[in-house]
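Next up, some structures in structure tokens.
The same subunit A turns up in both complexes below, where it pairs with subunit B and then with subunit C.
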Partner chain A sequence: MMDRTSQEAEIIRLLRANGEGHVSGQTISRTLGISRTAVWKHIVSLRNAGYLIEGSPRKGYVLADRHPVPFNSVEITSALDTDLIGREIFFYESIDSTNTKAMELARSGAADGTVVVADGQCKGRGRLGRGWYSPPGVNLYTSIILRPAIPPERAQAMTLLSAVAVAETVGRFSPVRPHVKWPNDVLIASRKVAGILTEMSSETDRVNFMVVGIGVNLNMDPESSDETRRVAASIGKENGRDVERTNFACTLYSVFERWYKTSLKEGFKPVYEAWKGYFDGVGREVRIKGFTNTEGICLGIDGEGALLVRRPSGDIERIISGDVSFSTL
Partner chain B sequence: MMDRTSQEAEIIRLLRANGEGHVSGQTISRTLGISRTAVWKHIVSLRNAGYLIEGSPRKGYVLADRHPVPFNSVEITSALDTDLIGREIFFYESIDSTNTKAMELARSGAADGTVVVADGQCKGRGRLGRGWYSPPGVNLYTSIILRPAIPPERAQAMTLLSAVAVAETVGRFSPVRPHVKWPNDVLIASRKVAGILTEMSSETDRVNFMVVGIGVNLNMDPESSDETRRVAASIGKENGRDVERTNFACTLYSVFERWYKTSLKEGFKPVYEAWKGYFDGVGREVRIKGFTNTEGICLGIDGEGALLVRRPSGDIERIISGDVSFSTL
Partner chain C sequence: MDLKDIKALYRFLKSTDIVELEVEDSRGRVRVKRAEAVSEEAVRIVTPAAPVEEKKEREEAKEEKSNIKTITSPMVGTFYRAPSPDAPPFVELGSKVKSGQVVCIIEAMKIMNEVESEFTGKVVAVLVENGQPVEYGEPLFNVEVE
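And then the complex of A and B:
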């Protein structure tokens, strides 16, 4: 049986498919295999969610055109083509942090692929205890719960996988090819367009669950805030026209799912190869602040996703954590 | 200011130090720097906790000898000589799992070194989703919250450190030298005397906190249960006399603290060296069930705590996770 969101998404799909034509309550009831009373309840619920659904006793229902299209779990579900990522969606108008909520849900047993999405975050979190600027109504803030059978050592690989999925998705919406910064930022023209915060709960040798938090600057104006001025970019501002959030989110889930399944079947080698294609740091000077500090020339990543740095002494150091900055080109 | 447990532990120390002599309320009040009313409240609380404290209006208080000594946070605190591990103690007569409770406390911000101790566990947990047999009144079940500044890759090292600390402590209470099984069991005469379950919450490149759960079979009779018959040992049964739990716990915290501080200062090399001294698997046939299965001859551990196995093909495999079994000697 479909859950409420799936049924309502199906109703919206039906109404949209019929454009300005009416769809009878009976057709909806038959198509979804639910009672007329259930149909009526869903229509009420969709109207409460902001959909302008006109009803006439004789002809049935019609969805009045509405712009902008709302951003909610019904929209995402109605546009989704995955079978794992996003099949369960927790949507919030406002939340402290999608990652915090997803960690909670995962502890309570939420399934592999469950996602949390928010219109805005009041305590958006980034890596290394930093914040993530999360104004409402303009960007994508989502966290994906994963339950891969991997040891914690492979978690970094999952972060690189996420960066690849985000970069590929950004690339489909932006004429400018994005780059990745090790391990997990996605940049357009050297400015941050997306960030990824991967958290996990694990034993020392197996991951219980991971939460991949993804923030993508879609339509905000980076110049409107001191936090983002000169360091952030948004796809919409780069393009000169807004990115439709539902479309972006569904594309991201779909691309992510493909990479996730690939990694479970073939390991992370294809992920690393794809990641290298988005990385422009090889041969550049790099500084890493972390448990220890390192400086040198970046040589790329190794077969386990660690950053390789040739130090002035000639030694090659393998970096598995820390905050990376490249000298400006 | 000392917390309640510390003050009550101090009172018990004072009374014990005076043996059959009385200690006046005024002396206690002066020694602890607290009011006479506070002294009286602590005496009531200690009596409620089962201490037989006799009071006489003129002479003061005397602690009636009592055997067995109770096992609680006052006893542990009064015998503790650490300055980090166990300075904050959460003691439970019965609990589902000390690790589950410690993970909760850590999420709420419990300090580095905080410990959870239980007299018995009703859902004691072991590695790989298994249970840990946890009858009340006889053994030690404790979880230590740690906040080391390390990446998740080093978490395995912390498990080996815990195994070393447990093995060293067991060795002080047992005439038979214990062995370790990779990564985290401690054995006496090939039977499990202690198990360690390390769990953590982390970002992909830094640990937020770890919880090291330690169960040690001190005085139970392994033959009394189907779960432990033929596979478990207890120190008390090996020795032919009971191990005092407070003494064991405090020794363990003290030994653990020394190794923990060493690792923070000098890295894990001394830990690995000590671990090797307790390991008797080198040269033996070994099978590992994990994400993939491996068989071969055990070569020991490498510089990062991974198990090295020479497969029949001659290839050397580096094992970072899984369930290890050695062929019987």
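And then the complex of A and C:
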């Protein structure tokens, strides 16, 4: 039995497939295996969600093709090709933070692969309480709930995995190849296009759940806000045309799922290799602000993803957290 | 559409779980809506996972008879007492904590790991400074259990 969102997504797929032709209520009812009254209920709900569905008593329903494609859970579900990530979607027009919501849902038992998506966030969060600029209508703000059967110390590899999944997805929509900045910022032309914040709940020997929060600048104008001017990039502005948000979100879930499933089965080695392919920091001067400050030449990452830095004294330091800044090339 | 039709519609609506109905024919259109309609957007069903009860026999044996228990770090990382630099700490010296309550965050590789207290009691020692690196198993807090 499909849930409500899946049924409505199926109706939208049927209507789109028929273009300007009408689809009868009976056809919908037969295809979905639901009653005519249930069909009508879904049509009402879809209209309330902003779909212009015209109905005529004899011919059936038609989706007016002139309306802009909305961004919502029905659209995402109708375009999704995954079988884990995004199978359960919590969509919000506006929310404080998708990560805060996802942590709440995870605590109350939400399933592996559940996602939270918002059109806009009023308290988008970054590392250590920093904000993530989240205007409505233009970008992607999503959090993925994961329940990997791995011990907490291996969970760190998930940071590089999410960076690789986001970078690969950005690369499919951007003519400019993205880079990653250790550990998981994604940049286009040295400006930040995506940020990832992972929160985790664990016990000594196992991960209860992880929430991977991903913000991607798709269509905003970074120059329009003091928070993003000169430090952020957006794919749409780089391309000179808008990125379709549903398409981007579904591609991201699909790419993420592929890396996630492969890694749980075969280990994280391919993730590390792919990550190195996106990293352009080796040999550059790097500065890390943390409990102690470190400066030196970046040597790359070790087998656990930690950043290796050779200090002027010749000592090699292993960095696992802190604010990292690389000298510009 | 006349009164008889509308009455029939009303009876039909009452016999179903439909909250809103719109019917159109050559003579016009009528919409019937239930007053007690519940917004469907507000209803989401989440299947809660079965609560996990983990026995703490190992720790209890180790701590012998003392009522002072130690919360240790589950991983190598950086210790934070608060979710952000300008937020109040999760717990202070003397705070009452409950089992399962978040007491600090350990960060490694940009994963913020919420560390929960395994004990219910009072925080009698904060053993690590905010922002300091910690090792796996390093003592973080002492809790006097009730």
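Things worth noting here:
Criterion: the second predicted complex is superposed on the first by the 327 of 329 C-alpha atoms of A that agree within 3 Å, B and C clash if a C-alpha of one lies under 4 Å from a C-alpha of the other, contacts with A are read in each partner's own complex, and residues count from 1 in each chain.
The criterion applied here is as follows: contacts are C-beta pairs under 8 Å (C-beta built on N, C-alpha and C of every residue); 3 or more make two chains touch, one makes a residue touch a chain.
None of the values given here were measured: they were computed from a predicted structure.
On the shared subunit subunit A, the superposed partners subunit B and subunit C overlap sterically.
Look at A:G109: by the touch rule set out above, it reaches subunit C but stays clear of subunit B. By the touch criterion defined above, A:P222 reaches neither subunit B nor subunit C. Of the two partner chains, subunit C is the only one touched by A:K41; subunit B is not. Comparing subunit B with subunit C, more residues of subunit A are touched by C.
Of the two partner chains, subunit B is the only one touched by A:A149; subunit C is not. Shared-chain residue A:R4: touches subunit C; no touch with subunit B.
After overlaying the two complexes on the shared chain, residue contacts for A:I320 are found with subunit B and with subunit C alike.
With both structures placed on the common chain, the touch criterion links A:M158 to subunit B and to subunit C. Once the two complexes are overlaid on the shared chain, A:M200 sits against subunit B and subunit C alike.
When the shared chain is aligned, subunit C comes close enough to touch A:F90, but subunit B does not.
After superposition on chain A, the stretch of subunit B that runs into subunit C among 152-160, 224-232, 278-286 or 314-322 is 152-160. The interface of subunit A with subunit B overlaps its interface with subunit C at residues 127-128, 152-153, 155-156, 158-159, 183-184, 197-204, 290-291, 320-322. Against subunit A, the residues of subunit B that register as touching in their complex are 127-128, 149-153, 155-156, 158-159, 183, 197-206, 208, 290-291, 320-322. Within the complex formed with subunit C, the residues of subunit A that make contact are 4, 37, 40-41, 44-45, 55, 57, 90, 105, 108-111, 127-130, 152-153, 155-156, 158-160, 183-184, 196-204, 210, 290-291, 305-306, 320-322. Residues of subunit C touching subunit A in their complex: 16, 18-22, 24-25, 40, 44, 46-49, 54, 74-78, 80, 83-87, 107-114, 116, 131-133, 136.
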